[in-house]
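Quick heads-up: structures coming right below.
Two complexes come next, and they have one chain in common, subunit A, joined by subunit B in the first and subunit C in the second.
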Partner chain A sequence: MSFIVRKSLRALFSIVFIVTAIFLLMRLAGDPALAILGPDDFPPAVLADFRALWGLDQPVWRQYLDYLANAATGHFGRSFVDNRPALTVVLERLPGTLFLMATALIITLLIGVPAGIIAALKRNHPWDVAVSGAAVIFQATPNFVLGIGLVLVFSVWLRLLPSAGTESWQHVVLPAITFGASNAAIFARFVRATLLDVLRQPYMLAAAARGLSPRILLLRHALPNAGLPLLTILGFSLGGMVAGSIIVETIFAWPGVGRLTATSVGFRDLAVIQVVALFTMTAMVLTNLAVDLLYTVLDPRIRLSGGPR
Partner chain B sequence: MPDPILSLRDIEKSFDVRSGHRLRSGADTRQRVLKGVSFDLAAGCCLALVGESGSGKSTLARIIAGLIRPDRGDVVFDGHRHSDRRDRQARLRLHKTIQLIQQDTRGALDPRMRVGDQICEAMAIHRIGTRAWRRTRCAGLMARVGLDPSLAVRHPGSLSGGQRQRVLVARAMSLAPRLLVCDEPTSALDVENKGMFLDLIQTLQREGGLTVVLVTHDLRVAVRLADRIAVLHQGSIVESGATLPVLRHSTDPRTRALTAHLRSGFPSSDPVPASLGQAS
Partner chain C sequence: MTARSVFLQLCAAGLAGCVLVTLTVDLLPLADPRAMDLRARLQPPLLFGGDWAHPLGTDELGRDILARALHGLRLSFALAIFGTLAGAVLGTVLGFLAAHFRGLVDDILMILIDIQAAIPFFLIAVIVVAVFGASFALFIGLMAVYGWERYARLARASALSAAEQGYAEAVRGLGAGPVRLYARHILPNVSSPLIVGATLNFPETVLLESSMSFLGIGVQPPMVSLGNMVGYGQDYLITAWWISATPAALIFSVTVAMAFLGDALRDRLDPSHR
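Entry: the complex of A and B
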C-alpha cells in the first residue's frame, strides 16, 4: 500500500511541477494581447483593456494563485480565442485524439510485436534482416516526412484514401499509420532484443529438456518474461504519441487535441494550453503509475522486493 | 560391461565462432568442439565427464540430453537412436527418459513461475496424472529432496541456492527419468549444499537404479559419485575407465596434468588426494 501512496504522491508532485512550469513559461514567452490582437492593428488602450479583462495586468504570482484557486474548483479559465471554457474546448477535441491514438496503438501492437517475435525466432535469417531493416528505416523517418509521403502516394497519386477530415473510417487510416509506424518499429526492435535475451536464458534450455514444444516454450516462458520490459516502453511511447499528435493532426487536419495545441500556442491561448498540459501530464503520470502497478502484479520479483524504486 | 543403456559413437560437433550457430559452410570460422567422441555406459552407473574449460563437456551433455544434434555420429539410449526420434511423440519420449540438471540454479528456473508449477509443468506436458495427482506428487518429490512442500508456492528468487538446486532435482525426477545428465551441478553451491546434493544423487541412484552422466571439473565430486570417468581434452576423450584406477595410474600426460592441478587445490585433510595417491 505504501508503494501506491508513494507513487501517487510523486505523480501529483510531477503534475503540479509541470503545470507550474508551463504557466510561467507561457507568460514569459510574450504578451498574449500582442499575439492575439496584433501590435499594429489596435491602439494601446484596447490592448490594455484586453489585459485587464483577462487579468494579464496582474503580477504573475497573483495570476498563478488565482489559477490554482480556480483550478481547485474545476474552473480552468476561458479561451482567449472564442471565449468558451478552456476545459470544454479541450474536451470537445479529446475523443478525436484518443480514437487516433488507440488506432495507432493497435497498429503498433499488431505489427510491432509479431514482427519482433518473428525477427527473434528467425535470427540471422532473411526475415530477421527484413524486419530489422524496415524497423530502422521507419524509426528514423520523421512523422511529418512519412505523413506527407503517405498523402502523396495514397491520396494524390493512387487516390485511394482521403488526406484530411474525419468523415469515414478511411480518414483515420493514413494518420494512424503515420502515428503507429515509428512506434511499431521501436516495438519490433525492442521485442526482438528482449526475446533474444530471454531465449538465451538457461530456463529456456531446461524447459526444452523437459519436452516442451517450441510453441509452448514461446507462449508460457519466453513471451511472459520478454513482455515485462515491454510495459515500460509502452509507457514511454505515450509521451511520444502526445508529441507526435501535434504534427500528425496538423498534417491530416485531424480535429484533435494535438492540432488544438498547435493553434493555441500560436495564439497564446493560455487557458487552453494549460488545460492541454494538465491533461497530457495527468495521462502520462497515470500511465506510468499503471505500468508500475502492473509490474508488481505481473512480476513476482518486484512484488517480493516491495515494488520498483 | 553389461549391455550399455547409453552409447555414443563418433560424435562430432562444430560451432560457428562468430554467432554460436552451427556452421553450414565455410571453414575459416569453424571451431570443432567435439572430435569423434565414443563411449558406452551401463544402466545404473555414473559416468563423470571431466576436463578443463572449453574441452566440450557441456556440449556433449546437451547432445546426450537431445538438446542439440551432432554434426556426425549418433547417441543410442535404451536401444533408440536420437537421430531416429524425428516425430513429436518420439522426442517427448526422449525428454521423458533423459533429464538435465544445469549449473546455474537461478537461471535454470523461470523467475515468474512458482516452483511447484515448474515441477508440475513437465508432468502436465507429458500428460502424467490429473492436476490433483500432480500436486500430490510435487509435494512428495519436494519432501524427497529435502524441501518443505509449502515452498511450492514460492518463486525461485525467494529460495536459497541450495533450495533451488533441490527444486531442479525434484523437477528432473518428476518424470521418473532413467538417465540424469548433470552439468556442473555443484559448482555454484557451498560445501554443505554440495555434500547434501551428492548424497541426494547417490540415494536416487541407489534406490531408483538411475544412470547418471556427471559433467564436472571438480575431481572430488567425480571421485565421490562416479563409477567411471572420461577425461575430455580439446573435444576428444583422451582416457576413460573406472574412476580411481584412471586417476591413480594414468599414463596420459593430459590426465596427469588435470589430476595434479586438481590435487593442488585440496586441503591436506581431504580424503580425495589420499585416494588418488601422490602426484609425481
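Entry: the complex of A and C
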C-alpha cells in the first residue's frame, strides 16, 4: 500500500515540477507580449493592453497562480498562427498521432515480440543471428534515415507506395514501418534478453524435471515471467514514440501532433508548444505511474515486499 | 577467427577510416563545400552519369556532395565528442555533489534524474528551441546537457561506495579537502564505468545532433551537417535523390557500425548478456 502512495506522490511531484518548469521556461523566453506581437508591429499602448489582458503586469507569483488556475480549467491561450484556442489545435491533431502509435504498437507486438522469442529459443542458431543483427540495425538507424530510405525505395524507385498524405491505407504503410521498426527492434532485443534470463532460472529446471512438455514450459512458465519486465519498457517506449512522431510525421506530411510540434517550433507558436509539452510530459509521467501500479497487481513479489528499491 | 569477429573488425576499420578522413578533410583534394556552381546544379554521381569533377554529384546550388558529406561528418563527430564529454563532466560533478552532501541535495537530484529519464531529451530540446529560437549557441548547450542523468546516477552510486572504502577515509584523515578527495582519488577509481558509459552514449549523441539538424533546429546553414543535408535534400527526392541519399547512407553506416561495436563492448564487459 505504501508503495502505491509513494509512487503516486512522486508522480504528482513530477507533474508539478514539469508544469512549473514550463511556466518558468516560457517566462525566461522574454516578454510574451513582445514574443507574440513583435516589438516593431505594434504601438506601446497595444503592448500594455496585451500585458494587462494576460495579467503580465502582475507580480510573477500572481502570474504563476493564474497560470495554474487556467491550466486546471483548460485555458491555454490561443495559437499565434491562427488565433484558435491552442488546446483545440492540439486535440484535433491527436487522433492522427494515436493512430500511428497504434500501428507501431501492432508492428511491435506482431513482429518484435515473436522475433525476440524465436531468437531466445534458437539461441546462437542462424535465426538468432538474423533477428539480433536486424534488431541492432533497426534500433541504431535514425528514424529520419529509415524514413527517407523507405521513400526512396518504395515511392521514388519502385513507385509502389505514396510518400505523403493520408488518403488511403497505402499511405499508412511507410510511416507505420518507419515508426514501428525501431520500437519492434528494441522489444525484440529486450524479449530475447529477459527470456534467456528466465530460461536459466532454477524454477525452469524444476519444471522441466517434473516432466512438463517444452510447450507448457514455454507458455505457462517462461513467457509469463519474461513478459512482466516488458511493461517497464512499454512505459519508456511511449516517450520514444512521442519524440519519434515529430520526425516521422514531418517526413510523411502526416497530420498529427508531431508535425504540429515541428511546424509550431518553426513559427515559435508558444501557446501550442506549451500545450504539447504539458500534455506529452504529463502523459509520460502518468504512463510510468500506471506501469508501476500494474506491476503491483501482476507481481505479488512487489506487493508483498513493499516494492523495489 | 569467426565471421562475427571479422564483421566487427570491418566495422571498427570503417569507423577508424571515417575518423581519419574527418581529421584530414582539409588536406584532401576536395571541392569547397560552400562553393556554388549554378552551371553544375543537380549533377548525378559518377555511376549514374556524372563526371569526376563531382564524384558523388552536386546539390541544388551546384555544391559538391562528397565535400559536403565529409565536412558534415566532421562537424557531427566534433559535436558528438563535445556533447558526450560535456554531459559526462556535468553529470559526474552533479553525481559527486549528491554523494558528498547526501540528504536533501541527493533527494532532489534523484528526483530530477527520474524525471529526465522518463522524458525523452529530444522532446525537451525541441521545446527549448521553440521557446528561445534556433541558435548555434543554444544547440551546443543542449548537446552539452544531453545524457547528464546517466552519468550522474553512475557517478553518485560509484562515489557512495568509494566513500565507504579505506582509501577515502585515509585521504580525508590526511587532511585533504573534498575537492581533492573527489578529483584526485575517487574519480580515478570510478572512471572506468564512466568511460564505458560515455562510449555507449556517443552514438546517441550523434543521433540527437543529426535528428535536430534534419528538422532544421540544429546545425544551421551555411554550416554543413549530415542531418541538415538530408533535411534540405528532402525536397529533391524525386529529381535528385543523391542529395539526401548520400548523407543518409553515411549516417546509416556510421550509426550501425557504432551500434555493433557498442554491443560487442557491452558483451565483453558483462558476460551475463551473452
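Convention: the second predicted complex is superposed on the first by the 258 of 309 C-alpha atoms of A that agree within 3 Å, B and C clash if a C-alpha of one lies under 4 Å from a C-alpha of the other, contacts with A are read in each partner's own complex, and residues count from 1 in each chain.
What we mean here is this: contacts are C-beta pairs under 8 Å (C-beta built on N, C-alpha and C of every residue); 3 or more make two chains touch, one makes a residue touch a chain.
Keep in mind that what you see is a predicted model, and the values were worked out from it rather than measured.
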Subunit B versus subunit C as contact partner of A:P202, first or second or both or neither: first
Touching partner for A:V257 - first (subunit B), second (subunit C), both, neither: neither
Comparing the two partners subunit B and subunit C, which touches a greater set of residues in subunit A: C
Touching partner for A:G266 - first (subunit B), second (subunit C), both, neither: second
Touched partner set for A:L87, first subunit B, second subunit C, both or neither: neither
Which of subunit B and subunit C A:Q139 touches, first, second, both or neither: second
Complex contacts: residues of subunit A adjacent to subunit C: 10, 13-14, 17-18, 22, 25-26, 28-29, 136-137, 139-145, 148-149, 151-152, 155-156, 163, 193, 236, 239-240, 242-243, 246-247, 250-251, 261-262, 264-266, 268-270, 273, 276-277, 280-281, 284-285, 288
Subunit B contact footprint on subunit A (complex, rising order): 124, 201-203, 205-213, 216, 220-221, 224-225, 298-301, 304
Residues of subunit B defined as touching subunit A within the complex: 19, 21, 62, 65-67, 88, 91-92, 94-96, 98-100, 102-104, 107-113, 121-122, 125-126, 155, 157-158, 168, 171, 175
Interfacial residue positions of subunit C with respect to subunit A in the complex: 111, 114-115, 118-120, 122-123, 126-133, 203, 207, 210-211, 214-217, 227, 230-231, 234, 237-238, 241, 244-245, 248, 251-252, 255-256, 258-260, 263, 273
